[in-house]
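The structure under discussion is supplied below as structure tokens; questions concerning it will follow.
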Amino acid sequence: MNAARLPRIGLLPTGPRNAISDVAGVTVGHCTLAEGPLQTGVTVLRPHTGDPFLDRVPAAAVVLNGFGKSIGLVQVEELGLLETPIALTNTFSVATVAQAQIRQCMVANPETGRGLPTVNPLVFECNDGFLNDIQRMAITEQHYLQAWATAQADIAQGSVGAGRGMSSFGLKGGIGTASRCGAGHTVGTLVLSNFGKLPQLIMAGEALGPLLAQRLAQADAPEKGSIILLIATDAPLDARQLRRLALRAGAGLARTGSVFGHGSGDIALAFSTAYTVPQDPRRPMPAVAMLHDAQLDELFQAVADSTEQAILNALWNASTVTGRDGNRRYALADLLPERAPHA
Amino acid sequence: MNAARLPRIGLLPTGPRNAISDVAGVTVGHCTLAEGPLQTGVTVLRPHTGDPFLDRVPAAAVVLNGFGKSIGLVQVEELGLLETPIALTNTFSVATVAQAQIRQCMVANPETGRGLPTVNPLVFECNDGFLNDIQRMAITEQHYLQAWATAQADIAQGSVGAGRGMSSFGLKGGIGTASRCGAGHTVGTLVLSNFGKLPQLIMAGEALGPLLAQRLAQADAPEKGSIILLIATDAPLDARQLRRLALRAGAGLARTGSVFGHGSGDIALAFSTAYTVPQDPRRPMPAVAMLHDAQLDELFQAVADSTEQAILNALWNASTVTGRDGNRRYALADLLPERAPHA
Amino acid sequence: MNAARLPRIGLLPTGPRNAISDVAGVTVGHCTLAEGPLQTGVTVLRPHTGDPFLDRVPAAAVVLNGFGKSIGLVQVEELGLLETPIALTNTFSVATVAQAQIRQCMVANPETGRGLPTVNPLVFECNDGFLNDIQRMAITEQHYLQAWATAQADIAQGSVGAGRGMSSFGLKGGIGTASRCGAGHTVGTLVLSNFGKLPQLIMAGEALGPLLAQRLAQADAPEKGSIILLIATDAPLDARQLRRLALRAGAGLARTGSVFGHGSGDIALAFSTAYTVPQDPRRPMPAVAMLHDAQLDELFQAVADSTEQAILNALWNASTVTGRDGNRRYALADLLPERAPHA
Amino acid sequence: MNAARLPRIGLLPTGPRNAISDVAGVTVGHCTLAEGPLQTGVTVLRPHTGDPFLDRVPAAAVVLNGFGKSIGLVQVEELGLLETPIALTNTFSVATVAQAQIRQCMVANPETGRGLPTVNPLVFECNDGFLNDIQRMAITEQHYLQAWATAQADIAQGSVGAGRGMSSFGLKGGIGTASRCGAGHTVGTLVLSNFGKLPQLIMAGEALGPLLAQRLAQADAPEKGSIILLIATDAPLDARQLRRLALRAGAGLARTGSVFGHGSGDIALAFSTAYTVPQDPRRPMPAVAMLHDAQLDELFQAVADSTEQAILNALWNASTVTGRDGNRRYALADLLPERAPHA
């Protein structure tokens, strides 16, 4: 599907891929499980091609709603750095993926937790239990490594990787990505979209929820979903500024109809690729002139717009999936063919 | 102007007044200065008809963007209570109004700061310096008392009170209010709206900004505005839950086109009227069953919808104002007469 | 060892056990691995004898220093509740123990993550890598279950459970507990103590660090340790108030010489046993009169004093341990026999 | 009084003045009112000799206990900068001093709030109402300007400036300062000390409270005081790191016996003089290599030690004061002459 033909959000130009990989060096890989009641996976985002444990990336997170089971945010908050790839998976597989990250770091850096500090795994999750038999805990450490090994700039969207079993607005959700350019820099967003009640859905300003709810004859169930919002930028920003960016993902999320539901783990994390911070304190620290805060407005807009776009891209790129107990989520493109980008 | 005829946001029913005063006991008063270069004022919200220093109100705030000069939030955060009326005014008059609140409390409670604790003034602000000669610091303590004395359930909107000199989306902003009912309770919102760049304006999902920008021939100036978002509810909630509500004002704000601009002081405060907490520790504490968090979703929706509505109400109820140095802000109703509620 | 004979901190009376189990219903169990290079374990605190997933416990945490890899704090912060036992282990076993908690919850509540929400595991850690071969990841889910099954009011201290491999002030650290009574209620503290540089050690006000450093001939190594501080009370408090209590554990910690070192994960969590909050929103919510905040001062003192006491108890109750690569940590009682409680 | 002869805290060396002005460029001035029932004042700290509105200083604050009425922290938190001198005064004079700061900025920068942003006043307070007739609101804008004009590196301590009417541990409190050197940099602390109950007092590890309480025959009154803790350093640190430093002031505070009492406004703010950030976004941003976080431990120790020292210095440098209604606070030197530095 051609993301470029999807409804276009905002006035800022997109990057060449309209994807988070428009921020140079960022790559994403998926490992997808799609066998009967197992509809789940792992998605891995690598912030750069090196070892992030040695060359750490400035980062900050905002918890819009904390009904979530992620691991790693305490240290990100304290140090303003991430030091592993970012992993996405289902709620009950966080532990396995965290374990995989620790082992991967120990292999690369045998002194991890001895001469070197312990490593801080960073794993986010949504609950795909409607389509996926989440209680089977089917994800293995190997799946993480596969997703990691296939990371590339060309990013598959929709019902792939961690997005395989996710639902959004009562429809098929999953992975979406987009980018925007502003203030001389690029902002890219990648979402794991698993939130929203159908009557709330707003598409590019249009309240499509009621129409779709009619077609689906769907009851108004309480929201139990979540969304993870990852924002990359090549602008030189410190952790305090990145927190400001991360919060603006909430603005884009709200414009799709979300009110950050009670049962939702809505977490945004922003990182910059403009510089790295060495793990080894004997190596020199970067001497970087950050952007002046008065120049952040266009980046804020870029975050909000690319977030809204990425959520819609997840919906439009999804395919209908049937999983556990015959549970089914329809793709938006199947339900609204007259609006589908290819139609 | 008849608020009931304005564009209607969301699916939840409004209260009888579609105003924050639909939460029983809440009243609002204005004192307006409108003489040449002085276009400013004070707005006071009383959470109940008693003395809030003796019977304190559970409350919590969220700072969406902290480019602001409010006073009082440190103690609200620690104790989860407000103990004065809530005052709104211009940026350089916060101190005077805080002083007025302290003096008002000392008059009512002569032991304030001696046998009784000191009182925590609570004053929010936006910068009305485009229309108002803010450097004149024209607001006096008497203006606060006048606004307080006229507090009532029938709330004037638009270019009144603290809203007199405010701008929003390059148009005339000011005071707006709305309410929604959900989960068996009422949520009311009152905004002091002074934020937004015209090209960003979204009205009930429609991106009207570009059209209006054309009519106004307005350049794309950096946002220096702010918005204060006050949320009242009669639902029994504690401070932690009220913070969750306050954050959802950000969702409504985002749907009007805001990305919480860098130069903006965007602060939301939510309070409950369901119970009070005595200043005097010898008096009995309330034994209240709070709402279960799983029942908050409809209140979250009510906060977002009433916030979006209140912002639009501020725009539609505003009148064109000319102030300092002949600076002028046009009312939306004058600029878009074909859409005005009365048209 | 008789904890009652250890140096006594502060003026408040202790509970009968001088342990966190003086808060009625609280029990603690250990599973200890002590074989050559494996010197580690799991400690489990059960807040009450029922299923905390069904009857959740009000709780709040404070991160004094966030160089830590705990799991579960995001949801505790949002909902103000814990819904599993609290588990302590080594840094690289957090994932395994979290997995065990999820599985334990699914066994007890087969609809977990389907009809019921997902469960939020709550696991804290310190790095015992000096004595323990942490890279072996020797902890299994079974170890968690064993610790859980043996939880009781009579709590072993020192080099047991998660405390087996921990170091504190360059000496043998581990598990310590204490309690204090105040304001008509009981406060109990349990620590997993793994922090501190020897020259910093202050014992009941006395700067013993230099003397001990001389006896140990220990170099001044950078602190890489951590401390987890768990506070229980039977006082009726909400999450906001419990956060205030949790912070006061930092005051007790500071009085032992800590400055919350950079490489330390210093996290305090406080919970109340005075009431529970049902998972099922159809069950009635508790109608509890909380303590007035003006009555918290004695509880703050109780938290600080029992924390300081618990840290010293961990040191005095520890036994000398030799582990990985022949690394050894001496017990304080061996190094300072003239002060040992039994001497 | 010779601060160098007071009890010495910790192992790190002091700066030449053992004062916050050991951080080059930092100066402090006082304006003291001492006439009968008026025992109060203003203290002003200038972070550098220029205009901080044009050349802003990186800063961050930590609220240890938020029973306080300071103004300015919202924007410091958002932008990580201070842009005025730091002012200290009594609780009911915050507004007047804030007004003075705004006016001072407008005089120096006539476009403040117009072409330039509004200015963020930064005023901290404690309640001196025992000795001072706080309800008289005797502080004027002129007093702020006097304190500002007399700022110098030679800093008077004790019952001066904002410290004139303050009480600490039931004794005479006030202004104290100290410094420590570590990690190749200097850390200085200045406190406005108005907290503590006498039985809690710990002096350099010795629990002197009970002895002093006997001499004073003082009842155990609830704490209503506060402490403001200002930390300066010449180490290059960003706002996130400065927040880490500010928290460690709490460790020093705890070692004097504080448990951060309920009625106390205990706020720490740290700033760096290593670089400034221009108000004007067209000016170049500083390209500074920050300290690696792994090098912060000695600075943490320096903050804790200089804080403990500054609090003791405030006590030892105070003189006995009689104020409102004949209320009197004794100087520690008068009560404990056998320990006084000059004895």
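The chains carry the letters A, B, C and D, assigned in the order they are written, with residues numbered from 1 in each.
Going forward, contacts are C-beta pairs under 8 Å (C-beta built on N, C-alpha and C of every residue); 3 or more make two chains touch, one makes a residue touch a chain.
Everything numeric here is computed off the predicted structure, so don't read it as measured data.
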| item | value |
| --- | --- |
| Pair sharing more residue contacts (C-beta pairs) when A-D is set against B-D | B-D |
| Chain whose average C-alpha position is farthest from chain A's own | D |
| Copies chain A and chain B touch via same or different residues, half shared test | same |
| Gap in Å, rounded to a whole number, between the CA centres of chain D and chain A | 44 |
| Intercentroid distance (Cα basis), chain D paired with chain B, Å | 34 |
| Sequence positions of chain C contacting 2 or more other chains | 65, 78-79, 244, 263, 293-294 |
| Contact set on chain A toward chain B in their complex | 11, 64-65, 199-200, 202, 205-207, 222-223, 244, 247-248, 250-255, 258-263, 293-294, 296-297, 300-301, 303-304 |
| Chain B - residues contacting chain D, complex | 63, 65-75, 77-79, 91-92, 94-96, 98-99, 102, 106, 112-114, 117-118, 120-121, 127, 129, 134-135, 137, 224, 263, 265, 267 |
| Chain C-facing residues of chain B, complex | 78-80, 238-240, 244, 277-278, 281, 284-295 |
